[in-house]
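Below, chain A partners chain B and then partners chain C, in two separate complexes.
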Partner chain A sequence: MTQTRVSAPQFFSLLYLSVLSSIFMYISSPEITVSETDSLLRPLIFIVISIIAGIPTFLIYKEINKSESLKKTLTEIKFFKVIAAFYGAVYFIGIIRTAARFDLFASSELFPGTEMTLFIIALIVVCALLSLLGLGALSRAGVIFVVIVVGATGFVMLSLLEEVDLLNFTPLFREGALNFIWDSVLFAVQASEIGAIALVLPEIKGNVTKNYILWSVFSGLSFIVVLFFVVGTLGVFADTQLFPTYTAVTLAKFGLLERMDALETAIWILCVVEKIAFYFLVISKSFKIVFKKVSKRLICIVSAVLVSIVLAFISSNLERFSFISYTPVVLAMYIVPVIVLPLATVIYLKKVKPCEKNSETD
Partner chain B sequence: MKKTVKPIKLLVLCVLMVCLFSSCEKAGTELSDLMIIQGIGIDTAPGGYRVTVEILNNEQSGSPGGDSSSDNKTKIYNAEGESVGAALMQLTTKSGNKPFYAHNRVIILGEEAANRDLADIIDFFERNYDSRASELLCIAKDGKAEDVIRAKLLNDTVKSKILEKMLEQSYKESLVPRMRIIDAVNAIKDETTYVCMPAVTVHKNGENENFVLDGCAVFDKDETFSMYLSSGDAEGLAFLNDEIKKGFISARLQNGQTATFIINEGKTHYKIVKENGVLHYKLTVDVSCDLEEVGGAEYFSTEEGFMEEIKGAAGQAIAKKMENTLIVLQSEHGGDVIRYGRRLSLKDNKLYKSVKDDWKKVFSECRTSVDINVTLRRIGEETFHNKK
Partner chain C sequence: MKEEKQMFLSVDDVSEVQFGDVRENAVENGRLIKEAFKGSFDIVVKKGYCAGKCVVFANCDGLCNSQKIADNAMRPLLSFKGELPENDELNFICDHLLCGTEQKKETSLDMAVDMLLRGTLLIFIEGWKTCVIFGVQSIPERSIAEPDTDVQEFGSREGFTENIKTNLTLVRKRLCTANFTIQMQEIGKESKTRILLCYMKGRVDKDLLDEVKARLQNLQMDTVLGAGYLRKTLDTKRLSFFTMVGQTERPDTFAAKICEGRIGIIIDGTPFALIVPRLFIENFQTLDDYINRPYYATFMRIVRFLAFLISVFLPGVFVSIGLFHQEMLPDDMLYNIVVMESNTLFTLTLEALIIHFVYETVREAGLRMPKSIGHAVSIVGALVIGDAAVTAGLIGAPMLIIVALTAICSLVSSDLYQPIAVLRIIFIIVGGATGLYGIMIGAAALLVSLASMTDYNIPFLAPFSPYNKELLRDSLVRISMEKLGKNIFDINVIKLRKKKHQ
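And now, the complex of A and B:
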């Protein structure tokens, strides 16, 4: 039997890898330029937004913990079934987005010109199977992976130090403060995994709030370090590249080791696997609330099949990929699970539920 | 039962690894089926471009027991097309193999090709999946890139590798600037920076030929070739552009003898002020060097002020190099290859914005004053007390 309860640091290791995959496979867009010094400050806004955005999620549990009977009957309430269905749907799209981005990365940088659909489907199957091991196994693997990822990325970044040109940096807020704030918001909404905390919180032991803040700070600082090397080594060239972080890594050399990108790519795959497996776990948990009699295994299999079908449809056409990277879609992917669903739940618990209780007692 | 399942799982995984992870780029692609490009020369052709590539002769070098003496290490192919990309694709029809750019070392532009739009030429390398952003660019001075690729060097070796080493080493010796795809794109996209790339020529050396790095080429802001800087003039670029790595300085002493110094490290600091409507760049260059040789036996004494004299001579030599380079750069065909505009944007963006549209003129009129601080780190194995 796999142990399911995890410590807060273990869980946030998993979440850290998940959010790191976003910066490793960060795609330049006309809306947000990577090459400006402003991009080094955006993670600071990310930290602030993430901490604030976490508040509704933590409020849910504050409300639930007030009533023992509510804890037991929570999954029976229709409202929560609807909320859970929304969570499932959002993270279903989250898997598609992550896998499609990885597909684009793999077919552009790892095996250019190669049809990667089968490889991506295999990845989806692996992640779905991994999710069945539970949050405990994923989080504990996350701790080991964090050591590997941070160690290897740190080594690669240090070997890039010689290539950093300070003239590649630009004056701050060149495009205006308002643009900077909007770009920072678009940058911060990459971390939609924050919303998933609500579904797994009962399984996490320890001081979650403290670890959540630490996670936000470390993630933000990691982004700053990575972006420092991207801007410092590439300059404006970063904006011409589909995956600027990868391009920066290709410049790294250490003695006879000249292809550090191979090392870094292997590590990035770890992050992607952890992220997708975690999302599958969230989907299975969500739909288990909706369809109580259906097993998690079946939910995972069905989700994996559906994701594979959608990916096969998206993979061959860049326009279809563009749709899921469209700014309103990206914003919705963050706002719905991180703000709307937790807030709706809190309001329900605060306003509707006491009324129901009162009417029952009357 | 469990004991047997584990080895079976491992066996299955091993078989999968052998089948899936044992190929180059595409499953089933043999090394000998790839056209592993080492250097690309780009010249003009009627209606487009002519590319000449040096590729590894991997049938010879890759086959077990291959005899390296019987065949050349590389082969040369050329092809023409409407664009650089189209010309490179045409290579397949001549070799039967698919071009593979991941190991390309240098891109050489013929002078005529350089006179066309540089941004147009390098777009292929910017966009191509295999092509690396760190590939080096240079120009074939007064000639064609094909002549450089086809040069008959003394040894049977990979010519592009030799050229790559020359370009890298000369950059490390602060003799010529480095121009990678990244640098070229950054300079092109910058509003005030001009592209400057090393120039190479092929010299006859008896029966054979050899490469010589001969200064560098300056491109205009419309990405067409503008002028050459001689080797001597190019030597001041590293000091002006804060790209001092290693290198050497020869300085004339008061008694007419020469002292040679090896540069260990250097740093240029900038202060920019606007004086009487003209930009004034106040440069402070800190150089740490070792004395390598000094002429004039009578100077080998404990004479006071001798150290100051040789340091001063080294400083003057550096200042002279910088001055010569600046004169050429500020001339009619010159341009801001030393990123003065970029530095101004970081120091005073408001002032930069007010002058950037007329930068060529502003740059040609700006003043530069130089203060050199030389630190003598070592004097070699010979003492100053050694009377000859």
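And now, the complex of A and C:
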């Protein structure tokens, strides 16, 4: 059987869109203030954390590539099935979090007071179907989406330039350095998609490490640009807004176009679609390792149904939504797939597997 | 012997053995042919004598040139007064009596009958288990004319006809190289349609050639009467609005594509030739682009692309802005639209759907009806869709302008008309139900589905994604021919590499 591989820049375009969706639908909370100038420096910490956090994932493949036989029998080993199940579960919750956040965004900002559950379920169905088209299709489309999203966002941001007030930029580290670091960590853990690289790495060709670092840097710089306009245009007002990035965009106007928020939001949806479709793809890949005989199509359908049921339960209920946005949950969603699972795999490959081999030969 | 039989079958692998070999008795062969066609009046079997030897002629009237039969075959044979060399009559007749270059000896009666239906003359000679197939074809055909569909401003005025040989000649005269390779195949159990697989040796990718051949080999059809019959087999296996099979009526376009490493398929009986694979960007390119100055060619390609976007998305976007995002419009414009739309009966979505339905109906009627009354439909269509509908309050003037603009834009890239017509209806419904956000989800789905089309290992969205700098020089932009000529566009550059995995 042959499989088409995706080039590293294409794949990281997909990942870039995925991580951009977090900043576009960034929710301000009492724990992290957006209005302070510190928030412009948080993406720098994001870059550092992302680069370090990616190491365990890349180590897995370094270990696997040492043994040809291991590559072939990898999916047969129980340990990896358990790890795959964990990955699947984490990204299942990831879809729920992303979709629920979009649901909240749509029902509170786009069409206030409107029940958006059906719309979100339609979005879930479309994304599940798109995931069946494969990583190649999502990544290739991702490159075009990046051009559209970056172009449109750049245009909107430029039209916001005259709204920027330098007085909104406060002195740095007013809350103390420790607080800044903690806020930065909470900001960085939004990018839980890093863990998913472990499942799709064999399908990527080219210099993955270099592209990963470039992705981290570009994502960080993009965050800085977006946050610059959010802080510069809204100032302290940003902390009172549920979705400060959206509020900033509503101020943009250019010529005949009085309000560009609808257009910009429509373009942001591309990021959400790519992110959810990618997560569905990861779920289907991981559960395919667990249930070998079940088709990816069935896994996607079942996942989409389950996600829709959960979303119907969460939709329009802030209490239920706040549970999945609870800080420990957010931290766990990052630490488990990005650090715990890859490290466990690396340790297993380094320690346990050689022992098993030795005992077999004895 | 067994091998020979197999070889014979491979020559005509579609037909079944019905008559077996040519009989020694010439009259028996003539009788078998008559019986096979149940006495059909256009099958002519005539007996004569050449130097005392019985000779039987068989041909299909209407497909042959009677004058040629009389002058080049019958008269020389029947009026021959000399003696035929013993045991070598057949070669003597072929070499000394028959006047024509197109001659072939055939031992299979099935093959001979097949050739009879292609307009040749069959000559059976008493005592010989071989017949002579003599080329006297005169199949009625249209003269070479300017293509109707693939119109160019400055290009050649020649277009393909329904005759496979004429079409091949039109291509051959443009590609005077031994590398231009043609392979003939017969497809269709009943129609036995001849197709020509054309490619440029050294430029075509072997995998691509094998894939196309395999797909054609697997074609199970009784009749193949046009290019469309093969399209499904050659096209993407995914459910898609778009196609990876190109179609052209122009031999110059066909030749250009072959030079780029693609495979062309000329089908007997249709003026449309197929080209595989086709990229999305090719829908916005024409041969005129290579004649026009680069800046103008680039400008026109961008215009065509924008026209495509307008024709697919504009009605849906207008409906969604009108229903969900009124704040996007300036107050004055919004006021004007509201005033005009407030007098109409239907919602914007319904209005858009109705008017598109009417437009498509009028267009279809204009296409199918006799040309003499076509003008009447145009007038009625213009009046009904135009003035009367607005005056009667059925539709608003803004919607009319949108539909008119959409209709014109959709005709810019004629190859894309079919997907455009369906997609814009879908986007009207989606836009009317969910606003711009729904349209964007639909657009994302459309783009991902386009990106998933990688048949023949060629990504449909190349050279944009995957990005290829070399090929980008002749995509939406076109650089000068001087620079372009150094490296001819090669479709294989964008081929996706595959890796083996367990």
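Note that the second predicted complex is superposed on the first by the 358 of 362 C-alpha atoms of A that agree within 3 Å, B and C clash if a C-alpha of one lies under 4 Å from a C-alpha of the other, contacts with A are read in each partner's own complex, and residues count from 1 in each chain.
Throughout what follows, contacts are C-beta pairs under 8 Å (C-beta built on N, C-alpha and C of every residue); 3 or more make two chains touch, one makes a residue touch a chain.
Source: prediction; values computed, not measured.
Peer 1: Could you classify chain B and chain C on chain A, in the superposed arrangement, as clash or fit?
Peer 2: With chain A as the common anchor, chain B and chain C collide in the superposed model.
Peer 1: Check whether A:L343 is in contact with chain B, with chain C, with both or with neither, and answer first, second, both or neither.
Peer 2: A:L343 contacts neither chain B nor chain C.
Peer 1: Classify the contacts of A:V217 with the two partner chains as first (chain B alone), second (chain C alone), both, or neither.
Peer 2: Neither partner.
Peer 1: Classify the contacts of A:N168 with the two partner chains as first (chain B alone), second (chain C alone), both, or neither.
Peer 2: Only chain B; A:N168 stays clear of chain C.
Peer 1: In the overlay, work out which of chain B or chain C sits against more residues of chain A.
Peer 2: Greater contact footprint in residues on chain A: C.
Peer 1: Once chain A of both complexes is superposed, is A:I269 in touch with chain B (first), chain C (second), both, or neither?
Peer 2: Once the two structures are laid over each other on A, A:I269 reaches chain C alone.
Peer 1: Touching A:V125, do we find chain B (first), chain C (second), both, or neither?
Peer 2: neither
Peer 1: Once the structures are superposed on A, label A:V236 by its partner contacts, choosing first (chain B), second (chain C), both or neither.
Peer 2: Only chain B is touched by A:V236; chain C is not.
Peer 1: Jot down the residues of chain A that show up as touching in both complexes, chain B in one and chain C in the other.
Peer 2: 111
Peer 1: Please name which positions on chain A make contact with chain B in the complex.
Peer 2: 108-109, 111-114, 167-171, 174, 233-237, 240-241, 247, 250-251
Peer 1: Residue numbers of chain A touching chain C in their complex, please.
Peer 2: Against chain C, chain A makes touches at 1-5, 7, 9-10, 72, 106, 110-111, 119, 122-123, 126, 129-130, 133-134, 136-141, 143-145, 202, 205, 256-260, 262-263, 265-267, 269-270, 273-274, 277.
Peer 1: In the complex, go through chain B and note every residue touching chain A.
Peer 2: Counting only chain B, the residues touching chain A are 25-26, 126, 129-130, 132-134, 181-182, 185-186, 189-190, 339, 342-343, 345-346, 349.
Peer 1: Under the definition above, what is the set of chain C residues touching chain A in their complex?
Peer 2: Interface residues on the chain C side: 238, 324-325, 327-331, 333, 434-441, 443-445, 447-452, 454, 457, 459, 461, 464-467, 496-502.
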